[in-house]
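Would you mind keeping the following structure in view while I ask a few things?
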């Protein structure tokens, strides 16, 4: 298989993986799947497994919540696997570049959510005005998914086709502070999502529970499951001891 | 004193100790008492103290709650002390066998609670039907206590009389997995006792407090006294801020 | 400048510093200010900074709450700086004596609060009886502040004027147990202040919150800010879910 | 309402009270609470024997006597020592029911049941979990210090004071408080309120004791090298003690919904323990 | 009241219900919930598409149709997978409103909004934070054990079951519960009660998630040697995670009081991140 | 009720108000709150001096003046700086009582007492425990960085702003809020509600501060070698900080039940400390 075909196939798979991550979420977009599949395409399944497992473990605890937009695991695994197989420089360096590349995916997603999809959403709104069912589906599903080819498929194709040195050159061209800055910013934008959720709450008088949840997580280091259990206690107690009592 | 007499005396003391643990609980059944007393009978008080202290410390934090049935400290101390004095092989090996032997006591107690005393309890019920006061006392107190001689006294007698090798042979005959399995099971049967307590609670709507207690112990590692204090807070708050307010 | 003048100036500054700590609290009484100022007076600003910083850091986490009366940082810094500059024995030994000297300031404060100011407070009461405005100001402010010269200025003057050996001799004359005992007692007298606060609370039925605060600090090691946040949660919940509900 | 109470109290005065001698009899019989301890109904027979002096004093009619005894043969489980408190309270309630007939006999078991959970938790933590290890620790220290039998004696006397002292307090004070209780029992929903408060304590305590006392450990590790997945650690990272609480809830469902007896569940649990070890999935 | 309920239920029976086939259509459209995910109104377009089968079935009048679609173009954000539950509930509520006109159409968005917070928190913690790492961990172990593609397949199938299973459950059960809900919706303040309980869950969860998910670190150290003052450590010593919660509250104020759009705030935040790193005050 | 409030507010408008100049006088006198700080009634004399400008302005009758002063000679203890808040509130209440006679003068001390506990806790933790160490830490860093006197100045100016700023805020805002408060004070149980909320804060804070601020340590070890029993560790294993809270409760009982004065208790405590060290049981 020529490199062109290989690069095209990898780019196609990445595009499909992103469509999955925006729809059914069978999770073929995770490193543990992307690595082996790209390995298969590139003719070295073993390296595909090695890179996939390593990147998956790096991203194991990274959780996607609200507006928080963590480094992207999909493109980075695809490119890292490609580089490892083509460059032959061992998986270590490949995985290292993967982390750097993950910022590119992160930038693409930020761009998608803040510009492209805002545009399409307004087109959905226009379709609603005209009660145009096909317009809704076209602008909510088909066109945004087509854009995945551009946002995620194209960079992948270029990286594989032009090779490790090229990728490295691009990464080197980005100042370190930008890369760190994007990840620092990425760690902060969860605040906007949480603020949106908070602003959607009608019954403002329950804010003490916000402080309660914060105290448990902040001072006692409670994890997300524990916080969910605390929420269950709060809801149940209010239900039984305040709401239900009122009924009598 | 002949070995026969010594073995009989030790067995008698163990039987009495178990009667104590089922009645007044002056705690003569604890290793720190059993060790020295058996030492006295066997003619080597110093060793009795050494073994008693060591086994007591091993069992210091083991707490008896509900149906949980931890390894038995009484028989095992008696036998360990006997072996240490007779065998002369040092206290270390004696104490090591003690731990193994404690499973025998645990098995005996499980047998007593699940078979023997169920039998006697039904005989108490029959006595109640006939309003037979003596039958109640006989079946609730006298006969079950007499059985302690069989369940705990007899094995002790045999172990002392037949000697360390014999005990070792029996222990060796029990597969390791059985011994570990019994202790694994022993760690689990507390669940039944707690389930019984839970099922005895009438006011089901207070279950959120179950979750609350669990969260504090699970995530924050709170000890039993702390949990009892949390219970006090819960009870007092409900009393003052829900029940008492209703009175007005 | 003669030593006499220096000692007088240092004593004057310490007196003023204590007046500050009893009135506007610009905090010139803290080691980080006292060290440099005394250094300036004694002609060695550098040593003043060194000692001031070191003692400040030792007292950084010592917090003044209620009746708790921790070792005094003001006199001890002044004397330590003086000794360091005069004795030339290095700042280390100077700082070490500072800690010992801090007990003297602590004793003086205990004496002031328990004897002297009790006396003046009763004189204020007498002035109130006679509706004597000037008597109130005289006995509440002027005379107590004048006493600072005696309680804190005089010991400082003597220590600087008579020198390190003299101070050491006095410190050596105080038995170790007294010094430790005063600090042990100092760690305990906070209990009286808290007891006074507790006895001032009218609505006794809220005592479960006492236990709650205690549990969080005791078992989970929560700090003071965290406890204040827990108090906010408690107050807000009671306000919204009990008091406000009653209004309807 | 205060008038009403006064009347009740006057009536209470008129009730023939248990004498001190009779209360000591109850105390002695309470000592047998654990003798026939069994996994079917736990300390029921012991409780019944503890009630004997009261039942024999107040009931003459054989039918009523039998009913009273049967009442206490119901399931009962709490800490052996603190069980003296419900014994004392139940004595007062039996007395009231037998002499005045103005309380519902069902309320006797309701109160007993309510007290079970809290007293088990508080008894186990303060007596088994606090007093015993402290006294034993001190005794060990005395022995180490060469005081020998003094340490042993110190321990036995100390524990006797704890065990018998709490029982004495439980029977006598429990009875006294029980008398006060029955005088107010007609007031609206008192039994319900006791049950509510007891439920809070019992739920908190049971939920809080499980992580330390129902321990299930899965020793399986999958994979090797750097990427070993330790199942137990993963579970503990999510909810420490999860398996223990789930197993307890399973037992709860089997007992309440499937009516499987505790005896069976305990034997099954032991079998699971042994089988689990053989299969390498528990340990 | 029970009579009333019965009546409502009778009426409910009479309502033409969504068929299984139609619910499967809703399910398929719900899969697109995240396609046009955007920082202005998040999953609003996706929600609207999910509602298409219901709106098309029940509304004939174009004006009403448009109003129904517009309703769902409002802001909506929750976990992609658990969003199937409000989709199901909203389907039932649209059905009721269209056929009976006895509920307030505003209550549809009220219920959706109420469910957003709790379902985001529970979905993210149980699906993203629990199920995914566990299945991935197992898959890695299988691969390490030499099972290769089996591990990959195991992961994909496992996650498909989770993702599609929860969505199936969400749409079908959400619809079923929604039908029950609308039957009782006239009862006093039910919507308010749902909002109240949802607010408790959402506040607790958002407050509790912030310290782990909004991370701001000031890497400045002042001084040198023994007396270095590390600002971040000092802040953590007072209130761990303080900066993250303060920044969130700032965003909240900017959104609610200053009406600044989320898109702008996100871009500003990224700029602050980069600028902060350049200035050495963030990192 | 709203009509009533309006009426009250109208009346409030008519009351001759404290001028800014007079409030600055109160501010200056508040600075002396700690001058005669004493273990018998703590900051009572200081509070009285702080009230002087108000009492002198509003009361003419000598008897009333004396009563007003006596009122403030009662026990008062809170953080020196935050005490400005109750000073401001009390100024408004004295003004109202003197001019309108429509509030109960006892309510003045009730409100002061209610605010004592919360303000002590919040003031000590945020000012003594947070602002001071942060400013001192920064100042140290500046000094280490060679900025010398700038660091000292920075600290003194910073703390002056904190100390005087909070006092300014306390007196002026406290007065303003106090005026609002008295306008509503006739409304049902407002004072009680304030006391309730203050009690919650005070109890939580006092309970939570004790483990860190009342420290009792028993350095006794019994036994030797492997089986040393360290009493303090054993106690901490049960309830960390137990002795401190028990000693506080003992003080509480001695103050409230036995009416022993705080001065005596403080001297006794110091003696216990010294004696305990001599006997080797404290340390």
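Each chain carries a letter (A, B, C, D, E and F) given by its place in the written order, and its residues are counted from 1.
Methods note: a residue touches a chain if its C-beta (ideal position, glycine included) is under 8 Å from a C-beta of that chain, and two chains touch if they have at least 3 such contacts.
Keep in mind it's a predicted model, so treat the numbers as computed, not measured.
**Student:** What are the chains that chain C and chain E both touch?
**Tutor:** Joint contacts, listed by label: A, F.
**Student:** Please identify each chain that touches chain C as well as chain D.
**Tutor:** Touching chain C and chain D alike, sorted by label: A, B, E, F.
**Student:** Where among C-E, C-F or B-F does the A-E interface show up again, with more than half of the contact pairs the same?
**Tutor:** The A-E interface is reproduced by C-F.
**Student:** Through what angle, to the nearest 5 degrees, does chain E rotate to match chain F on its C-alpha atoms?
**Tutor:** Roughly 120 degrees of rotation.
**Student:** Check B-F against A-E and say which one is joined by more contacting C-beta pairs.
**Tutor:** A-E
**Student:** Rounded to the nearest whole Å, what is the centre-to-centre distance of chain B and chain E, using the mean of the C-alpha atoms as each centre?
**Tutor:** Here chain B and chain E have centroids separated by 52 Å.
**Student:** I'd like the Å distance between the centres of chain D and chain F, where a centre is the mean of that chain's Cα atoms.
**Tutor:** 45
**Student:** I'd like the Å distance between the centres of chain A and chain B, where a centre is the mean of that chain's Cα atoms.
**Tutor:** 56
**Student:** At least two other chains touched by the same residue of chain A: list those residues.
**Tutor:** 53, 57, 206-208, 211-212, 215, 219-220, 222-223, 225-226, 229-230, 232, 238, in rising order.
**Student:** Specify, in ascending order, the residues of chain D that touch 2 or more different other chains.
**Tutor:** Touching at least two other chains: 130, 133, 137, 140, 144, 227, 238-239.
**Student:** Among the chains present, which pairs are found to touch?
**Tutor:** The complete list of chain pairs in contact reads A-B, A-C, A-D, A-E, B-C, B-D, B-F, C-E, C-F, D-E, D-F, E-F.
**Student:** Which positions of chain B touch chain A when the two form their complex?
**Tutor:** Against chain A, chain B makes touches at 205-208, 211-212, 215, 219-220, 238, 242.
**Student:** Can you check the complex and tell me which residues of chain A touch chain D?
**Tutor:** Touching chain D from chain A are residues 53, 57, 223, 225-226, 229.
**Student:** Which residues of chain C touch chain F once you look at their complex with the stated criterion?
**Tutor:** 22-28, 30, 32-33, 36, 45, 49, 53, 56-57, 60-61, 63-68, 110, 113-114, 117-118, 120-121, 124-125, 128-129, 131, 133, 136-137, 139-141, 144-145, 177-178, 180-204, 206-219, 221-228, 230-232, 234-235, 238-239, 243
**Student:** Which residues of chain E touch chain F once you look at their complex with the stated criterion?
**Tutor:** Contacts found on chain E: 222-225, 227-229, 234, 238.
**Student:** Touching residues of chain E toward chain C in the complex: what are they?
**Tutor:** It comes out as residues 227, 237-239.
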